[in-house]
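Just below is one structure, and these are the notes that go with it.
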Amino acid sequence: MKKRGLLIIALAMLVLVTPLFAQGGKEAAASPTTLSIAIRTLTNPYQANYKVGADMLGELEGLPVVTLTCEGSSEKQLNDVRALVAKTNGNVVFMIDPNESPNVIPLARELDAAGVYWVSWWNKPEDVKVWDYKNWVSHISFDGISAGEFTAETLFKSFGYEGKIIALQGLLSNSIAQDRFVGLQNILKKHPKVQMVAFEAADWDRTIAYEKTRNMLVAHPDIKGIWAANDNMALGALEALRAVGRAGQVLVTGVDGTTEIYEAIKKGEAAATVYNDSTYQAGIGLAIALAAKNGELDVAKMPKDQRQFFAEATNVDINNVDEIMKGASSYDFENLFASFSRPMN
Amino acid sequence: MKTKNSRSLENISTLRSKVSASAVGKLYHSIPISGQIISLGIVALIFSLGTNGQFLHISNIMTVLGLSAIPMILCLAVHQVIILGAMDLSLEGIVAITAVSAGLLLKNSVTANDVGLWIIPIVMLIGGLAGLVNGLLNTKLRMPSFISTLGMSWTLFGVAIMISKGSSIPLRDLRFQKVIISEFLGIPTVFILAILLGLVLYIMQNKTKLGKHMYAIGGNEILAKQAGVKVDRIKISIFGLTGMIYGLAGLLLVARLNSSAARYGNNLLFPAMTAVAVGGVSLSGGVGGALNAVIGTIIVVALNNGLVLMQINPYMQSAVNGIVLISAVALTIDRNKIGIIK
Amino acid sequence: MEKKKIIEFKGIRKVFPGVVALKGFDLAIYEKEILGLVGENGAGKSTLMKIMTGNYQPDGGQFLLRGQPIVLGGSMEAIEHGIGMVFQEGSILPNLTVTENLFLCHEKEFSKGWFISESAMVAEARKALEENGLDINPTTLCGNLSPAQRQMVEITRLLWLSRLYRHENPILILDEPTTVLLEKEIKTLFEILNRIKEHATVILISHRLEEIIENSDRIVVLKDGDYVTEMPGKAADIFKIEQLMVGRDMVEGYYRRNEQVDPTDTVVLEVKDLAIESILEPISFTLHKGEILALVGLIGSGKEELVKCLGGSMQATQGSIYRNGKRISIKQPKHAIAHAIGYIPIDRRIEGLATDLDIADNINMLVYKKLKSRGFINKRKERDNANHWMGVVKVKATSHRMKCGNLSGGNQQKVVLGKWLSADAEILIVDHPTRGIDVGAKDEIYHHIRQLAKQGKSMIIMCDTLEEDIGLCNRMLILKDGKKVNEVSCPPDAKPAPTDIIESIV
Amino acid sequence: MQKDGIGKQPAIKRIKGRVAGLPAISYALGMLVLFIVIFAVGSATFLTRYNMLTIGNSAAILLAVAMGQVFAILTGGIDLSVGGIMSLVSVVLMKTLEPLGFWAYWLSLAVGIAAGFLNGLINSRFRIPSFITTLGSNGIFMSIAYMISIKPLSAPSSSFGVLDIVNGTTLGIRNIMLLGVLIFMLFFVIQRYTITGRNIMLLGSNEKMSWLSGVDIFKVRTIAFTLSGFGAALAGVMLASNLYSGYPTLGTVYILNSIASVVIGGTAMTGGAGGVLNTLVGVMVMSVINNGMNIIGIDVYAQQSFLGVLVIIAVAISFDRSKLSVIK
């Protein structure tokens, strides 16, 4: 019994340890650079559009594209990135939407060590600076606070800046969720007659948003508007309003810019959203990283404004929704910093 | 043979026997879900005090009933497998795949399909087939259901993502949502639907051979087999039936939100399991039934409703849920019926 | 009396890889009789039963049922032909009601359309129970019934089934039916069996020869897969049967009386005014070093509860226990163990052994502390300790790593004994040491008990039969209705007659 | 006697018989080798040193949770709160890293152990099934993590030095892997060579008997869940160090993954059979599958399904049915 156990351990160890001392099988050095995006999931249209953008650039450049999804596990994201670096022997560039903001630290250290260029979107702790790392080309984000401010402002305008609202937050621990909520609170301060009577966290999820809104509507039947931190939750809230027959009377707002919310805006059921073009995000992110890899960008000499900055997002309301819905006819991945809006400290 | 039980069990059972001796005790024991009713009462009492009676306002009660419909249907589905003594974690995967199928087959803005009312048998068929596979894996391949259904859940969720390409599919057929929203005599129709399903299952459990045999398997599979119960066939049919009901729930979820996506399956399993446990269905099998599932779901939904009404900080809600789950089970669990607590 | 043959085996033969289970013999079973089937473990009893219930098919010879040769495909088919078996471990589902259990799998007899009529089922159940003279509410959960009642429900079920399949003369096989029953319940069981005999055949398998002799019309002895002899019941001689079963003379007299030693004067355990509310009135007694004390009494006499208090699985409401003169308190089994009191339970598989684990694990479980070296359990010490005690109690197994579930009942009991000996238990409470054990192994157990007494261990025993109690003990304590009614000394040369004792028990 | 019987059987049957007689762990091990071969054939980079280190890294963390989980499962229970414990521990670690330095590790581990102890206490003292206990306490631990910090916490750069104790490498092997080996050995010794470990096995296989034999079932059960909390705490600390961050949903995915690893290794959910060694193999299988899917380039849409199917296949092959008469 004992011997067999030891034998089994020895075998298992052997299987795993042998390759440690073997030289890695080098793939042909001439193979093309892989473009890779590491994102959260494909179960959400916003995230799924990342893949569209990456594929678009891949086709343009004639390079292979790999999509990595972590399904909410930071550790999986890190390991998937590692696995791909291993697979391509470092001949890869990344666009990464970190699962949680602090994850950029291990990613930055890992990719610095491997000499792989990458660009991050959205999440980064404030005290982590891109210029401390040599292979982290840029960090780009949309301004969550200003998005929250725009949607709140538009929502309040719809009912004349006087009345009660309720709010739906995203996943509590998520910094984007918190930024957008800060935006809402800023506008609330500006309009003292608007009162936020209740808020709940609905984890970016449409079903949860529906249920929480139904419950909140019981306690506060007299609200004038519902602010939500993304479109998904806004649409859940909208269906909840429909269930109590108040869709259209009480408006909702979201962020992301999905077709569904545009239609709601057109029908007069939603007030506003902010369009973050994830197709462009993926494409331009990879383009920047690729430029660094190909030597077109000298990372060490890039100005700080290009290393981390806020990108222009499109505020959408009833005035421009038709135009936005037509969609971008084509994407320009040549002009790398065209979307620059303001620097990030 | 009380003496055979271990020490702390004896204390409880003496207490119990004292309680049962009284007239109130007799009434308590004559109703199978009396413990759960008391729990619900306590929840209602706390929340009505906390919300100045708003909790017990008729509009809120109707909201709770309306919201409890879909979780109730899911709980009614999963509790069947639990009565068998097995476990079904495939709920989220099956709901995802049926939700996506419903979204793609009904009139929608992505494809040109429009199957209309045929969708009802179609989702039930899809769910039923998935459930059948669960049953076959458990009986024919002799895999523990906990893990085989977990694998199934992952598999089906992946398939749902693949066929929907991860996006949500807005519906263009509003009939289903109208049914969901509508009321009958002031009661949400969808709740009546769930109760009807509960009634059907109750009758099945108590009045048909399938139901009786299901309990026999939950009590002791080997003995049931000896007595001539066709264990495999019944397990497979219950898994299949459960899958069919998941399919129905998937369709209702889609109808309620007027769009469909794979992720609608997320976050449904643990609430359903909580409802099963709070309702008093023994996780070791053979004890409890449709009534328990119904009351368990209402308790869980009322709890979530109350937390929102009372403006409990969202950060604290999972803790409150956890504490209530543990204490509700602590109060209502019949330790004599369950035997060894694992 | 001329009776009709209902079952006939002709040259019946069954071979398993490497073993011939049935060597090919003839045997006839008649209508309306109780047939006792005896033999050691491995004699072929259960193989024969399994052929009758369709779980095995014979490799040779013929199995004739009601004159027709027949091959049964399974227990359901057997039931359809009027052969039902009551299993040792019972087959009643505790989470169903009596009615549901009775008619499990035959609900269609009561269905109207798709649905079952509950009331019709309950009415039929009540009728069926009454026919067998049982006072059981058909709507109670079987989990709330006593083991005896469950067995009665099972018998009722089988009889009802044979009627359902229109068999005037059903065959009822009972495998060790009395193992889980109490004396009073056993009496009721046999009363019922005798009544059933009027229209059925009962085949009885038991290790308790006394009850076989008392209740069977005919006894058939099997040995090594072969028919040895048969004899009429009632008049049979127990020692004769045992000799036939074992195939040799029982050594040195029964119960190893000649090995009995006189206890010393040292009092190792003293119980003073121990009482349990509404079960046991204050009782006092002493136990000496090297003494075997038998507790005798019917169910309800309080003896079971008394030993549970000593073993720690139950608590007395008043009174005190002194160990070597010092007062001790026993609230849990671990306290008893700390005072070197060991409890060998009646139900080995549930209370005595971890059947999934191996022999070494079971023998060593109490003494891991002693098997440590440098803070950790030492595998070598573990093996040595297991092998040592396996040798002492003579467990027959291929290795100390053999799974206990695969051992025979006798060997399992020896493992349990080994476990307590290894833990240096000074006082052993032995609850029905020979229950469900075949004759050969029984003798070994007696031998061990005697040896232990010789070594100065003290024992409190409760046996299957009064004869066994008398034969084994130095002294017996007779309890009745929660009171100590008598104390009888049993020296080896002047054992009291059972009849004298029974008077004070009943 | 047996020999004669076998001698007559055809060769294929003989091999079948021999294979069937092997312990469950050898099936799991065989499957591990099979998967490794498949992935190695599928991609030349699978067996590179860098990738092996990557697998080892993720395996080490999963191993730590699963090592704890297996003790809960050996008693016949289950621990659904490992995710909550991991999250809580990660938040505590990040919060206290700056003031306490290396001592933050000990504090975090203590928090995890306390959490496991609480589970054990509720389960054994109040006699509430562990499924419910840990399902409930998982929410409680997550809420506590939220109370400590709503925002994801990142490690201050001043304390990278401390974290690099876990993240660094020794002789070309990641320290976290060495830690994994140590953790395995620790739990292996606990299961095989301590009285507590033996008592957990006893309890899992026959609770009533264990009690009658003087095993303090309350204590043993509590210890089993405390060990589970300890494993989760170790995993939480390793993961948080690895990611330089802590937040209240960090551990969620490890709940089902740890259970799946335990079962794939061949440990029965009913308790009493299997153990730490089996779980090592189960963890390896899970980690290899997760990594290999990316390496051989399974389409990202299909990965979830692929994982599900592989888990089903893995359990179908490796699950030890010999000891169970009933599969639930």
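Observations, loosely collected:
Chains here go by letter, A, B, C and D, matching the order in which they are written, and residues are numbered from 1 within each.
By definition in this document, a contact is a pair of C-beta atoms (placed from the backbone, for glycine too) under 8 Å apart; a residue touches a chain by one contact, two chains touch by 3 or more.
These figures come from a predicted structure and were not determined experimentally.
Taking each chain's centre as the mean of its C-alpha atoms, the one that lies farthest from the centre of chain A is C.
Taking C-D and A-D together, the chain pair joined by more C-beta contacts is A-D. Chain B and chain C have centres, each the mean of its CA atoms, that are 44 Å apart. Averaged C-alpha coordinates put the centre of chain A at 70 Å from the centre of chain C.
Mean C-alpha positions place chain A and chain D at a centre distance of 31 Å.
The set of chain C residues that touch two or more partner chains comprises 313, 332.
In chain D, the residues that touch at least two other chains are 146, 150, 208, 211, 301, 303-304.
Residue positions 42, 172 of chain A each touch two or more of the other chains. Pairwise, the chains that touch each other are A-B, A-D, B-C, B-D, C-D.
For chain C in complex with chain B, the residues that touch the partner chain are 75-76, 79, 87, 90-96, 100, 104-105, 107-108, 111, 114-116, 118, 143, 146, 304-305, 308, 313-315, 331-332. Within the complex formed with chain D, the chain A residues making contact are 4-5, 8-9, 11-12, 15-16, 19-25, 27, 42, 51, 66-69, 71-76, 78-80, 82-89, 100-103, 105-106, 125, 127-128, 171-175, 178. Contacts from chain A toward chain B in the complex involve residues 41-45, 47-48, 169, 172, 198-201, 203, 205-208, 210-212, 214-219, 221, 232, 235-236, 239, 242-243, 245, 258-260, 263. The part of chain B that touches chain A in the complex is made up of residues 51, 54, 57, 59-60, 63, 66-67, 109, 161, 165-168, 170, 177, 180-181, 253, 256-259, 261-264, 266-268, 304-305, 308-309, 311, 314-315.
If you check the complex, the residues on chain B that touch chain D are 6, 8-9, 84-87, 89, 93, 137-139, 141-148, 150-159, 161-162, 165-166, 221-222, 270, 273-274, 277, 283, 285, 315-326, 329-330, 333, 335, 338, 340-342.
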